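Inspection log for the structure reproduced underneath, given as C-alpha cells.
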Amino acid sequence: MHLSLPLLLSVALFGIGVYGLLVRRNAILVLMSVELMLNGVNVSLVAFDVFWAEALRAGQSLAIFVITIAAAEIGLGLAILLLLYRMRGSIAVDEATDLREDPA
Amino acid sequence: MSDQSLLSPTGVDLVFALLALVAVASALMVVSTTQIVHAALWLVVSLGAVAGCYLVLTAEFVAWMQVLIYLGAVVVLLMFGMMLTRAPIGPSDDLTGTNRLVALFAAVALTAVLGVLVVDAFGSTMIDVSGEPSSASVMGEALFRHWVLPFEALSVLLLSALVGAIALSKSDEEA
Amino acid sequence: MTSNWLLPALLVVPLLASVILLVAGRRAESWATWFGVGVQSVGLVLMLGVLAEYKRNMSGSMQLVVDAEWVPELLVHFRLGVDGISLPLIALTSLLGWCAAVYTVRRVPEPGRARALVGLLLLLQVGLLGTFMALDLILFFLFFEVVLAPMWFLIAFWGSGERRRAANTFILYTVLGSVVMLVGFLIVIVKTGSADMVALANGLGEQMSGNAQLAAALLILGGLAVKTPMWPFHTWLPDAHTAAPTVGSVLLAGVLLKMGTYGMVRIVVPTLPDAMVQIAPYLAAFAVIGILYGALASYGQQDLKRVIAFSSVGHMGFVLLGISTLSVVGINAALFGNIAHGIITGLLFFVVGGIKQRTGTTAFASLPRGLYASAPRLGFLLGFAAVASLGMPGLAGFWGEFLSLVGAYHPAVPEHLFYRVMLVLAAVGMVLAAAYFLRVLRRVGQGAASQATMDDVAADEWLSWTPLIALTVVLGLAPVLVFQVTDPAVRMVVESVAGALP
Amino acid sequence: MTIQSIDLMVLAPTIVVALGALVALIAELVTRRGQVAVGVGLVTLAFAVPFALAASGEQTLCGAVDADCAYVVAPLSVALQLIVLVSTAIVLLMASSDIAARRVPGGEFVFLILCSVSGAVLVPATNDLVTLIVALEVVSLPTFALVALRRGEPRAAEAALKAFIFSIASVAVSLYGIALLYGTTGAVSFNELAASTQASGPSPLATAGMVMLLAVVAFKIAAIPFHAWAPDTYQGATVPVAAYLSVVSKAAGFSALLLITWTFSAWSQVWAPVVAVLAGVTMLGGNLLALRQRLAVRLLAWSSIAQAGYILVPLAAVAGRLEWGPGVTNAVVGYLVAYAAMNLGAFAVVAVVARRTGAVDWADYRGLARRSPGLAVALALFLASLAGLPPGLIGLLVKVRVLIVPVGSGVWWLAAVMAVATVIGLAYYLAWAAQLFRQPDSEARPSVAEPETGSWTSIVAVAICLALTVTFSIAPSLALGLVDRL
Amino acid sequence: MTAPLVMVVLPAVAAVVGLLLGGMSRAAAATIAVAGPLAALVVAALLAAEQPWDAPIVDAGFHGVLQPFPAATVVDGLAVSVALMVCFVATLVQIYSIGYMKDEPRYSSYAAFISLFTAAMLAVVVAGDLLFLVVGWEVMGLCSYLLIGQNWEQHEARRAAVKAFLVTKVGDIGFIVGVVVLIGTTGTTLIPNAVQAASSDSTVATVASGLILLGVLGKSAQFPLHAWLPDAMAGPSPVSALIHAATMVAAGVYVVARLYPMFLASPEVLTAMAVIACITMLGAAVIALVQSDMKRVLAWSTVSQLAYMVAALAVGSRDAAVFHLLSHAFFKALLFLAAGAVIHAVGSSALRDTGGLRQSMPVTFMTMSIGLLALVGVFPLSGFFSKESVLVAAEHAAEGDEVVAPWVGWLVLVVAVVTIAVTAAYALRLWMLTWVGPRRGEARPIHETPPVMYVPLVLLAVPTLLFGFTALDVGALPTWIQANATQPLATPGALTPGLLTIALSVTALLVGVGVGLRGRWSSGIGDGRSFLARGLGVDAAYDWLAVRPLLVLVRWVTEFDSGVIQRTVSGVGVGTVASGRQLQRTQRGDVQRYVSAALTALIVAVVITLVAVAT
C-alpha cells in the first residue's frame, strides 16, 4: 500500500490535535487533543516501522512506549487538573492566569 | 515494493483510507464539539479507527495496546475526570477559547508543511503490508532483547506518575 | 630571583585585609579606617620594595615576573610583572590608595559604615594594581573587571545626588566597554594561541592577518576608550564624578581612567602594530576633539565636579594624542600625562571634596564666593591644583601635554600634515583649559567672601594631600624621574611598531 | 527469548537512584517522618556518585561489543551525571526545611525527585532517540507532581498545569520529529544516525524532523520561545523545586542537546542556525524581561532563562567554522557546573529568606546585610557570579570560555548579542545586590516567622554552594576542565 | 648649581618660603621678600663682574626632550645686562611695596608672587633651553594673573586678571606651537643650536619665528593682543611697575632678541613685526592722549614704547631694542612707582582727582618729571639715547642696509618720529594735570610718601638720568650686550645718535610740546568713553571675534553633550527597560497562548530552515 496514506493520516491527526490543544478551554479536552497528537505520532512510527521493517522494530517499540507515556501523562494530568479544580473551582485553562507578568 | 503513483489505489489503500477518514472526521469532532461528553465519545471512535489502521499496517500488537490502554484506560480516566470536575452534560458555548485564529493558523500551517513534505518524500513509496503481522511475541522479543532500558525507565515513569497522582489527590487533606 | 613575592604580595595584602574586614563583623567598625591606613602603609612599603628591587637599567624588560598556570582551559596564566610602562602607575596607585586611606580616617562619608568602605577601597586597590601588573590578557581583563563592583558600591552607597543612576551608568557603560574589549582579546587569543602579553608584544601578535588585527584592535581600543574615556564615550564620567564620594572621585580620576590608556600602550600598540598604524590618525582626531570638547564643555558646566570631570576628558585627550603619535616622545608623554593627571586631578578632587564637606555643595549656584578669604589655605590649594591642571610649566601637568604636542609634530605614522593640524588644535585646547579653570577660580576662590570663615585645611587633610602636592612640584621640575623609567620600555614598544610602518 | 545481557554496574547510578526512591518512599511510610526520606535521598545520591565515577573511559551497558547499545557512558556523560547528582543533593537539603515544616509530604517528595533524577542520570548516557525521549519524560513527569505538591499555595496547581501542557505539547512535537527522522533514515541509534547523516545530506523531511526534535530540548532548558512556562511555574512551585527545575532539569535538557548535536554534527547546517537564533533570542529576551522583575523567584526564573541562552552559545557557534568537539562540549559542561553552583546558591538563599521572613518581594531584601550578613554576602557573590562580575570570578570565566567559541568560529553577531545581553543582565543582578546592602526601611515589616527547625539544612545548602563557587573561582579548572579530569 | 641658576632659584626660594610661612610676621615677610631679588641682584652683579665668561652655554648635558629639568642656561651680555636690570627693578619694587602695601592683609602672598615673578623673568632671561624658556614664560603669565588679581574682591581686578592671562595665552598658542616646531625640526632644545639650525632654513625660520611672534605680541602687548595691558592697571602700582615696565612685557622683546638670528632669517616676519609695531606705536600713543586715569596713560605709553623696541627688532637692530628695553625699564618703573606714590597720597588714580600736587610731594614731583622727560626723549636722559638708537636703526634700514625692505625702514622712521610728537603731548598733559594747576578732587591733606617709597624713586631716577650715556662711548653698550654671544650680530657703534634723527626727533618733540601746551586738557577729563579712550574698539573686537563665538560654542557643546550624547546613552537605557516592559506583555499567564507562540515559532523555524538548507 501507499506509505503516504498513513503518513497523511498522521499529519492530519497531529494537526487536529494541535488545534485542539491550542483552542480548547476545558483542560480535559486539552488532554484529549494531546492524545490525538500522540496518535498522529504513533501512526507515523508504525508506518515507518513497516516501511523499514528492521530487526529492532524501533518504530513499533516507540509507539508502544508513547502509548504508555500517554497513559502516565493522562494519569498525572488528571491529578493536576483535579487539584486545579479543587483550588479554583474551574478547569478552564485560559482562566488559570494568576501567575503572570505584571507590566506596571 | 514497486513505485506506484498515489492515484492508483489498491484494495488495502481503500480500507485504510476509509478508516483514516473515520479517524480524522471523529478527531475533528473531538476538537470542535460543544459537548464535553461527546468529545470523549468521538475520541473513542477516532482512536478505534486508528487501531484499525494499525491492524491494516500489520502492527497487531500496537493495535491491541491501543485498544487496551487507550480505550480501556485512558478514556475511562478522562470520563472520571469529567465527572469529578462536574462537566456539563449539555452543549456549552465556551469550550473554545479566544485563541482560535492563532490555533487555526498553527494547526493548518503545521499540517500543510508536514503534509507537503511527507508527500514530497514518500509520495510514491509503497510499503508491503502482506507480511506476517508483528504479534505480541515479535514485539516482546524486540522489547526485551533491545528495548529493556527504556522499558525499565518507563516503569519508573509509571510508578512516579502513580505516586504523584496519589500524593496530589491527598495533599490537601493532610495539610 | 628571591624578590618575586613582592608583586603577588602587593595584591594579596589588600585582598586578605578586605576579607578580614568582611569576616570581622560589626566590631570592626571602630578600627576599620585605621586598619585601612595600616594595610595601605604596608602596601606602600611593599611598593618601595618593588622600587628598590626594580632595575632601572633594565626598564625595557619585564621584572619581578611571576608565572603560574592557572586555567589551562583558557590558556590563562597567573602572570605578573612590572616594567617601565607599569611601574609609575603601580606606584601612583599605591600612593593614591594610601592618601585615600588617610583621608578616610576622619572623613568617612555619609552614611558611615567604615568597615565596608575600607574593605571596598582595598578591593579596588587589588583590581587597580592587578590591572597594571597583569601580563596575561585574560588576567588583565579579570583585574579590569575587579575594579567595577567596589567602585559601583562606592558611588551607589556613599555618593550623593543621583548616585544610583550615576553608579549604574558607570558600571553598565564600562562593562559594555570591557566586554567589547574582551571580544578583541579573544580574537587575539584565538588567532595566536597565546594570551601572554609579553610574547604577543614581541612579535606573536604581528603574525595575525591584517583584518584580524584591525578587528581586534578596534574592539580592544573601543573598550579601552570607554574607560579612558575618549570622546564621545565619556558620558558616564561626569555623572559618576558628581555623585561619587571624595575618595571615589580621587581614585576614579586618579587611577581608574588610566587603565584605559595603559591598556592601549601595553597591549594594543605592541601587539597589533599594523592595525595601530592604520587607526592612529583616527585616534588622534578623536583625541583632539576630546581636548577641545572637554574644554568647551567644562566651561559650560555649573558644577565644580563636573568641570573637573570634563577637564579629565580633555586631559586624557592629550594622553590619547600622545599614544596616537606612536613615537617615542609621544608615548612617553602619554605615560607621563597619565601620572600627572592622576596626581593633579586626585588633588583637585580632594580639595573639591574638602569644599563640599564644608559647604555641602559643589554647584556654582549655591557655592559661597571668596574661598580665598574664608579658607585661604584651601583656596590656595584649589588654585594650585587648578593651575597645575591647566598645564602650567614647572608643575607636573605641563610635560605630558607639551610633549604630546612635540610627539605630534613628528608622529611615527606618515600623516604628518594632519597631525600638525591636530597639534595646533590641541594647543588651542590648552588655552581653553585655562579659560575654564580661571572661571572656576573666579567664581569660587575670588570675590567678597559670602561666608566669613570656614574651617581651613586640617592636619589629616594636609597629611593625605601633601604627597600629591609635593609630587606635582617635583615631577614638574624633574619629569625625568618618570621618563628614565618609561623611556626604555617605550622604546621597546615603538620598536615593535617600527616594522609595521610603511 | 533471551534477555539482553546487561552490565548492571555501568547502569548502577540510575539503578541506585531508582531503588533509593522506593526506599525513601517506604521509609517515610514506615517512620512517618519526612526527614528520614530526605536522609535516605541524600545517602542514595552519595552512593550514586562513586558508581558514576567508577565508569572509566567509554563503557556500554551491553559490554564493549555493541555500539548500538542503549546506554553508553563516556567522561562527558559522567560529568553531566555528577552535576545532576550533586545538584539534587543540594536541592534536597533546601527542601528538607519544607518537609520538616510539612509544607510538602516528605516521602512522596523525595521519591518523585529521585525518580526524576534517575531519568536525568540516564539521559546523558542514552544512545538512541527512543531511550532519550523516554528518559526525558522520566525527568519531566515527576517534576510536575513536585510543582503541584505545595500545600497551602493555591497557585501550585496552575503552575504545574502550565508546565505540564507545555511539556506534553513539546514532547509530542519532538516525538513527531523522531518519527520523521526515523522514517527518513531508518535508524534511531545515535551511531547509525551519525553514520547515515555523514553518508547523505538532510532531506527536507529530515530537516523538519531535526528542527522539531529540538522542541523538547528547548522546553527543558526553557529557551525562548519555549520558555513562557518557566517563570510562572517557578513562582508557583516551592523554591527547592524551582531550583531543581532550573538546574537539574536544565542539565538533562543540555545533556540531550549535546547528544543530539553530536549525533547530527554532520548536519550542523540544519540545527546550528536554529540553536544560534535560540541562543541569541534567549539571552536577550531573558535578560530584558528580568530587568523589571521584583519577585525574587521570578527574577531568578528569567535569569536562568538568560543563562540557558549563554550555555547554548558554544553549540550555536558550530554554525561557523567549527566542528562539534571538546572545544564545544567543555564550554557547555563548564558553564553548567558553574551555573549549578551559583544558581542553586541564589535559590538556596531565597529559600532561607523566604522561610525566615516570608519575603518574596525584592523590597524585603532591603537591609539583609544588616539582619543576616552571611546570607547577604553569599547572595551577593552568587549574583555577581551569575552576572559575570568579579568577585564572582567563575561566572566571569565561564562566560569568557563560552564567548571564545563564537569568536573563534567567526559567528560575530552572536558574540555581539552575548556582549549586549551580559550588560543588560548586570543591571538587574546589581540592582538586587544593592538592595541587600541598603539601609533597612525605617518601617520595616516585622519578620513573619521565627527561624524554624530544619532551616539549618538550607543554610548548609547555601554554604555548600558558597564553598563550590569560591573554590571554582580560585581553581576554575575544576569546572572548566571537568570532562578532561574524568 | 651654576650662577645663573642660583640667580633664578634665589627669588623662587623666597617665594616658596613666603607662601609656606604665610602666617609669619609682616617684617619677616618683608625681609624675605626683599632678600630674594636682592640676592639675585648680587649674583647678577658678581656674574657681570666676571666678564669675560668662559662658555656661553652652561649646559646640563641633555639635549633631548626627555631630560631632567632642562636647566641649561646662557651667560652672555644680553642675559646678564637684562638680568641686572630685572633684579634691580624687582628689588626696588619690593622695597617700595613695603610702604605701598602697608595695609594689605595678604602682603606675604603678594610679596611671594612678586618674588616668583622675578624668578620666572630671570628664568626667561638666562634660559639656554627652549623648555626652560617656556617654563619661565608661562609662570610669568601666571604671576601676572595672580598679581593683577591681587584685589580680587573687586570685579575690575578679577576681570583684568583673567583677561591678561587669557589674552597672553592666546598668543602662547603660537608660542608653544612655535617652540614645538623648533624642537621638532631641529631635534634639539638648546637655544643656540636650535636657532642656528632654524636660521639656515628660511621656511622653518619663518614658521617658527612667526608662531613665536604671536606669543611675543601677547606678552609685549602689541597690536592686536595689547588690550590686556591697560586693564591690568587694576593691579597695585608696584605690580604695574614690575610687570609693565621691567619684566613681563620686556620678556617678549627679550625672547625675540634671544632668538634673533632665526628672525633675521625671515624678512617676512620682520616686516610683519614692523607693521604691527607701527600700528601699535602710534595708536597707543594717541590713545594715551585721551585717558582719564594716570595709570592708564602710563599703560598705553608702555604699549607704545614697547612698539619702539619691536620696531627696532624689525628693522634689524637687536641692540637698539635691548637698549631701549633697558632704559625704558628704568624710566617706566620710575613713572609707575611715582604714580603709585601719587595714588597713595591722593587715594585715586583718576586725573580728575589730581592737580597742583607739586608743593606737597616734592620728591615724587621731581622724580616723576625726570621720568616723563626720559619718556619724551629729552637730551640727555636715557630715553633720548635709546630712542635715537631706534631711529638710527630705522634709518639704516631705510637706506637698505638691513634684511628688510627699505620701505619698512621708512615706515618705522616716519611713524616713530610722529609718535615722538604724540608722546611729548600726552606726557605733557599728564604732567600738567598731575602737578600744575588747581587741585581737583576731594580736599584732604597731601603728604610726601615715606622714605621706603621715595628712596626707590630716587634710586631709579639715577639710571634714568645717566644710563643713556653708555651709548655715547661708541660701542661700549653693544659690545657689552653682545659679549660672549654665540652669534655676533650688528657692528658696534650703531647706538650713537645721528644728525638726521636728532633733527627729526627734536622737531617732533617741539611740535608735540606745542600741541601739549595748547591743549585744554582739564576740560575733557573724566568721560573716557570716547571711541579713542576705549582703545579703538579692540575690546569690542575681542568680544565679537573671540569671546562671543566661544561662548556660543560652549553653549552648543554643552547642549550637544546633554541633548545628544547623554540623551543617546540614557535613551539606550530607557529603551532597554521599556522594551523589557513591552515583552512582559507577552506573558499574560495563558498557557495556550504560550504554546501557540512556541509552536508558531517552531513552524517558522522549520520553514526558514528548509529554505536555508535548500539554497
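Should a chain be cited, it is by its letter among A, B, C, D and E, assigned in written order, with residues numbered from 1 in that chain.
The working rule: a residue touches a chain if its C-beta (ideal position, glycine included) is under 8 Å from a C-beta of that chain, and two chains touch if they have at least 3 such contacts.
Owing to the predicted nature of the structure, the values given are computational and were not obtained by experimental measurement.
**Student:** Cut chain E out of the contact graph: what components remain?
**Tutor:** Result with chain E masked: one piece.
**Student:** Between chain C and chain E, which partner chains are common?
**Tutor:** Output, common partners of chain C and chain E: D.
**Student:** Enter the minimum step count from chain A to chain B; a value of 1 means the two chains touch.
**Tutor:** Each step joins two touching chains, and the minimum needed here is 1.
**Student:** Relative to chain C, which chain's C-alpha centre is the most remote?
**Tutor:** B
**Student:** Can you name the chain whose C-alpha mean lies closest to the mean of all the C-alpha atoms?
**Tutor:** C
**Student:** If you average the CA coordinates per chain, which chain's centre is most distant from that of chain E?
**Tutor:** Centroid comparison gives B as the farthest chain from chain E.
**Student:** Of the chain pairs B-E and A-D, which one is connected by the greater count of C-beta contacts?
**Tutor:** Of the two interfaces, B-E and A-D, more C-beta pairs touch across A-D.
**Student:** Distance from the CA centroid of chain A to that of chain D, rounded to the nearest Å?
**Tutor:** Taking the mean C-alpha position of each chain, the two centres sit 25 Å apart.
**Student:** Taking the mean of the C-alpha atoms as each chain's centre, how many Å separate chain A from chain E?
**Tutor:** 94
**Student:** Report the inter-chain centroid distance for chain B and chain D in whole angstrom, where each centroid is the mean of the CA atoms.
**Tutor:** 32
**Student:** Take the average of all CA coordinates in chain C, do the same for chain D, and state the distance between these two points in whole angstrom.
**Tutor:** Here the centre of chain D sits 42 Å away from the centre of chain C.
**Student:** Do you know which chain D residues sit against two or more other chains?
**Tutor:** Within chain D, residues 130, 134, 137, 141, 144-145, 148, 161-162, 165, 169, 176, 183, 204, 208, 231-232, 289, 292, 427 contact more than one other chain.
**Student:** Among all residues of chain C, which ones touch two or more of the remaining chains?
**Tutor:** In chain C, residues 168, 172 touch at least two other chains, as defined above.
**Student:** Any chance you could list the residues of chain A touching two or more other chains?
**Tutor:** In chain A, 7, 14, 17-18, 21-23, 30, 47, 51, 56, 61, 65, 69, 72-73, 76, 79-81, 83, 86, 93-94, 96-101, 103 touch at least two other chains.
**Student:** By the document's touch rule, what are all the touching chain pairs in this structure?
**Tutor:** Contacting pairs: A-B, A-D, A-E, B-D, B-E, C-D, C-E, D-E.
**Student:** Mind pulling up the chain A residues that touch chain D in the complex?
**Tutor:** Going by the criterion above, the answer is residues 7, 10, 14, 17-18, 21, 27, 30, 34, 37-38, 40-41, 44-45, 47-48, 51-52, 54, 56, 58-59, 61-62, 65-66, 69, 72-73, 76-77, 79-81, 83-84, 86-88, 93, 96-101, 103-104.
**Student:** In their complex, what parts of chain E are in touch with chain D?
**Tutor:** 576-577, 579-581, 583-584, 586-587, 589, 591-592, 594-595, 597-599, 601-602, 605-606, 609-610, 612-614
**Student:** Can you list the residues on chain A that touch chain E in the complex?
**Tutor:** 18, 21-23, 30, 93-94, 96-103
**Student:** Once bound in the complex, which stretches of chain D touch chain B?
**Tutor:** Answer in residue numbers: 1-4, 6, 11, 18, 21, 25, 61, 70-71, 102, 105, 108, 111-112, 115-116, 118-119, 122, 126, 130-131, 134-135, 137-138, 141-142, 144-146, 148-149, 151-152, 176, 183-184, 203-205, 208.
**Student:** Which positions of chain A touch chain B when the two form their complex?
**Tutor:** Per the touch definition, chain A meets chain B at residues 1-9, 11-26, 28-29, 31-33, 35-36, 39, 42-43, 46-47, 49-51, 53, 55-57, 60-61, 63-65, 67-76, 78-83, 85-86, 91-94.
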